[in-house]
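This is the structure I have questions about; it appears just below.
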Amino acid sequence: MSEAYQNIWVFVETECGKAKNVGFELLNPARELADKKGCKLVAVVIGKDVEHVAKDAICYGADSAILVEGDEYEYYSTDAFATALFELIQKHKPETVIIGATNNGRDMGPRVSCRLKTGLTADCTALDIDEETGCIAWTRPTFGGNLMATIECPECRPQMGTVRPAVFKKAPYQADKTGEIIREDIHVAADAIRTKLVERVKEVAEAVNLEEADIIVSGGRGVGSAEGFATIRELADLLGATVGCSRAVVDAGWMPHAHQVGQSGKTVAPKVYIACGISGAIQHVAGMSGSDTIIAINKDEEAPIFEVADYGIVGNLFDVIPAFIEAYKKIKA
Amino acid sequence: MNILVCVKQVPDTNEIKIDPETHTLVRAGVPSIVNPFDTYALEAGVQIKEAVGGKVVVVSMGPEQAADALKTCLSVGADAAYLVSGREFGGSDTLATSFILSHVVKAVEEKEGAPFDLILCGKQAVDGDTAQVGPELAEHLGLPQITYAMDLTVEDGAIQVKRECDEGYDLMTTSLPAVVTVVKLPTEPRYPTIRSKMAAKKKPIPVLTAEDLKIDVARCGLKGSPTKVKSTYTPSREKNGMKIAGLPADEAAAQLATLLTDAKIL
Amino acid sequence: MSTYNTLTAEIIEQLQAAAPGNVITGEDINPDYSKDEMPIYGTHAPDCVVVPRSTEEVAAVMKICNENKIPVTPRGAGTGLAGGAVPLYGGVLIDTTKMNQILEYDLENFVVRIQPGVLLNDLAEDCSSKGLLYPPDPGEKFACVGGNVATNAGGMRAVKYGATRDYVRAMTVVLPTGEITHLGATVSKTSSGYSLLNLMIGSEGTLGIITELTLKIIPAPKKVASLIIPFEDLDTCISTVPKFKMAHMDPQALEFMEREIVLSSERYIGRSVFPQVIDGITAGAYLLVTLDANNEDELDALIEQAAELVMEAGAIDVLVADTPNKMKDAWAARSSFLEAIMEETKLLDECDVVVPVNKIASYLAYVNKTGEECGLTIKSFGHAGDGNLHIYQCSNDLTEDEFKARVDKFFELIYAEATALGGLVSGEHGIGSGKIKYLVESVGETNMRLMEGIKHVFDPNMILNPGKVCYRL
């Protein structure tokens, strides 16, 4: 059975003619898998006016790309995208299909895998090949991250999985790399798209949602003034983080209460908590010790915040943060 | 308006412990709860029922104890509940689970004497975190779907949904019947009142077996699941607690940035 | 009138030798050390902060201060509400938060031995993970247990289980002279002389510094649920309270709250838990009741009995929080009252007067009327089950002086009324520096003389926590 199925596909999600990062990211680990297996790595690009995305995908590591273009793919819809991907898989029979675990990826993936009666592993954070079976070993967190599970799909093809964004890094962009772009003409009639997008509403980030933030950059007394928070905000903006603060800051009137983390503020458990100029009073720590990774910047080497921090820098936050922003931008560039 | 809500009984993942030796879940002493996203799905269903009339039915697949979860649902607005239980169903992955549920939908429609206009699921269960059963159920039933709903209204036979997206929401509509998976709502799920709680206690919860569902058992349980769990392990959570001191700010910052990006923390 | 010496460089050196690495001076002193949660009672910075790690360090520091007549103020997490931990006369502040180890459980005698800086929250969670319960449950979960003992803190569960005093079996104390002594024992009865242990409890750090505690714990009840009970008005709500006792029901917690404060709190935590309109009736007040039992059926029967009782007494409905998450949400609103009031209020004072349970309704009516007469906004809630009321005076437009003057008048009137009804000044927060004058009026000169005499025996140089409880300088 598996003879007929070959190659590894990465679905590169697009919207309004632009690619989402996760597709390009996934080409990197998929390249390794393809090399190990000795098969081709194919990017699948569905969208409106997205030939440039197909080209970019090749420059990020794909051997070739399959391109489906049409007006109906400008915005995501379950019916149009699931139909197109399903038809492509039926025709080309890939052995593995990797999809970014965005809201849209996790909306489309199960529709397609179910139509194919094959397995789909959700929201993976690591990929490998099982030496013994040759199957993809999909590793993912379960039970709220308390347990990691490695899952395989031994009998059905293609084997499919969604992979979490920002877990893998993009490979370097090779501008002169070329590869075949295969155009497929698949169209979905308007009345076969049963959901309609009425309006896209951008919500002003007015409500401070500390509890659901993945990253929080928090400032304490060490920030020194309301104006000092500009530095905290700059770092937060760079990381897509929410700004938090300690009680001292609220008492001093530098920040509104909605931003307060700790005993009389919010209890938070983000993936990353960056405490800047926060000494780490028990009341504050009680509100943030559940964070996955705690990073502390404080000029007082003895500050209790370092006791709970995974990473710390002893230094003036107004020297360290700008330097960090610069270094971080350089790495990500 | 006939509404079906699929719920799952899950261990409270805030209380979960993993046996460090066997890498399996320590179930003793961990409270079972209704999957939190499902409680929003149910609340959405009940609010729609209150707005346009109709009936809310809940189903859950699981062992006998999952009846507790259904009792809880009955006390906060569900009108009827069915438990899907049987050895054949154990070990089902999302494909097998959604296949079983698609048969449950048909069987319950027959018992209730009317088709469902709307099927609601929580975005995902907090134990498995797959978010796949809802869309796969929709696929089995050939229905349209909207996932990640954060607000739902029904008007003139169509449903309007605010679908969570990166910078706000997409306002979407689809005709009914449809499957919608719910993230959260503008309001918290209601509390049971003493009357609703007592009434729920007295309500029978019929059990549906493989036989009742007239289902191909080869497509259920471990047998019917294309994905297999190969191994599990506990992620290490050691605090390495490294502190950079005595370096100039730019060197320290560069070192930290490298560490954090290499470790994929940022 | 005592006069104190100022800290010299030489004394600081001695302190540094006594507690190496744990002495903070000058600009390194965190301004938080100057106040507690009720800054209206004034802020005073210490000249030096010692963060000891052991009983011996506390004793050594105390000895130096006693010899040099330096005032010493003990402080835990600083969550007090009566100015008790504010170093009114400067000097040395001893911060016990680093003595925060849970030392040992003795499950044959059902006691736990801890250091005083353990947070109530940490103790509660640690006990809970072992299937045990430390019953005292003051609203402030991030207070140190040492401070709880020093104020005999009560809390929500006092109605069934009693206050902190009922759970202290033994303690190690450093006296103002620097001597170390052990009080009490791991026994459940004692008839062995004056109870110095009980003198220490509630002495607010004026008689000695607690450096170790042996606390009674109990097996945790297996099943708990909370009821949210809306009433149309406060009177009906409060008059329901004694009926629980008469029906031999023993709720673990029995709190009342008025509509206004619930709304503030829900705005503050950003979610709505309490029903506002039920069957067209607007709820004016609520009871929040927690029941416990050893199994599900027993609990269900209790819930049913309680529901019948309150519905008969005029409740609009009964909502059941029967899952851990729902209970957490219901109590989150209750636990945020103080923060919610602080958020919406510029000037704030508070009292935690206690009156006999059957007098709550009429007393609150008096309080609200008096508040109006004094031109103050009054918000109140409290432990209905034990008559302990939290009454907040709020203003957003008065000057601080005018506010203080009005609050003073208000306090005089309502404390007098409480005394007349057979009540006392403080149910659980303590006297600190803020409430001394009302204590005098309430208990009288004879009792004050006894208290001051006791103070002199413990603290001949009068250096420990001066200006608090009974020590009028």
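Order as written gives the chain letters A, B and C; numbering starts at 1 within each chain.
Heads up, the rule we're going with is that a residue touches a chain if its C-beta (ideal position, glycine included) is under 8 Å from a C-beta of that chain, and two chains touch if they have at least 3 such contacts.
It should be emphasised that the depicted structure is a prediction, and the values quoted were computed from it without experimental measurement.
Compare each chain's C-alpha centroid with the centroid of every protein C-alpha atom shown, and the nearest one belongs to B. Chain centres computed from CA atoms place C at the largest separation from subunit A.
If you average the CA atoms of subunit B and of subunit C, the two centres end up 42 Å from each other. Distance between chain centres (mean CA atoms), subunit A to subunit B: 22 Å.
The geometric centre of subunit A is 46 Å away from that of subunit C, both derived from CA atoms. Those residues of subunit C lying in contact with subunit A across their complex are 30-32, 77, 97, 119, 121, 141-142, 270, 339, 342-343. By the touch criterion stated above, subunit B contacts subunit C in their complex at residues 12, 31, 33-34, 36, 72, 75, 187-188, 191-194, 197-198, 201. By the touch rule above, subunit A contacts subunit C in their complex via residues 207, 221, 248, 257, 263-264, 279, 281-283, 286. For subunit B in complex with subunit A, the touching residues are 11, 13-14, 16-18, 23, 25, 93-95, 98, 126-136, 138-140, 144-148, 160, 162-165, 167-175, 178, 225-235, 239-247, 249-250, 252-254, 256-261, 264-266.
Listing the residues of subunit C that touch subunit B in their complex gives 227-228, 271-273, 275, 300, 303-304, 307, 311, 317-326, 329-330.
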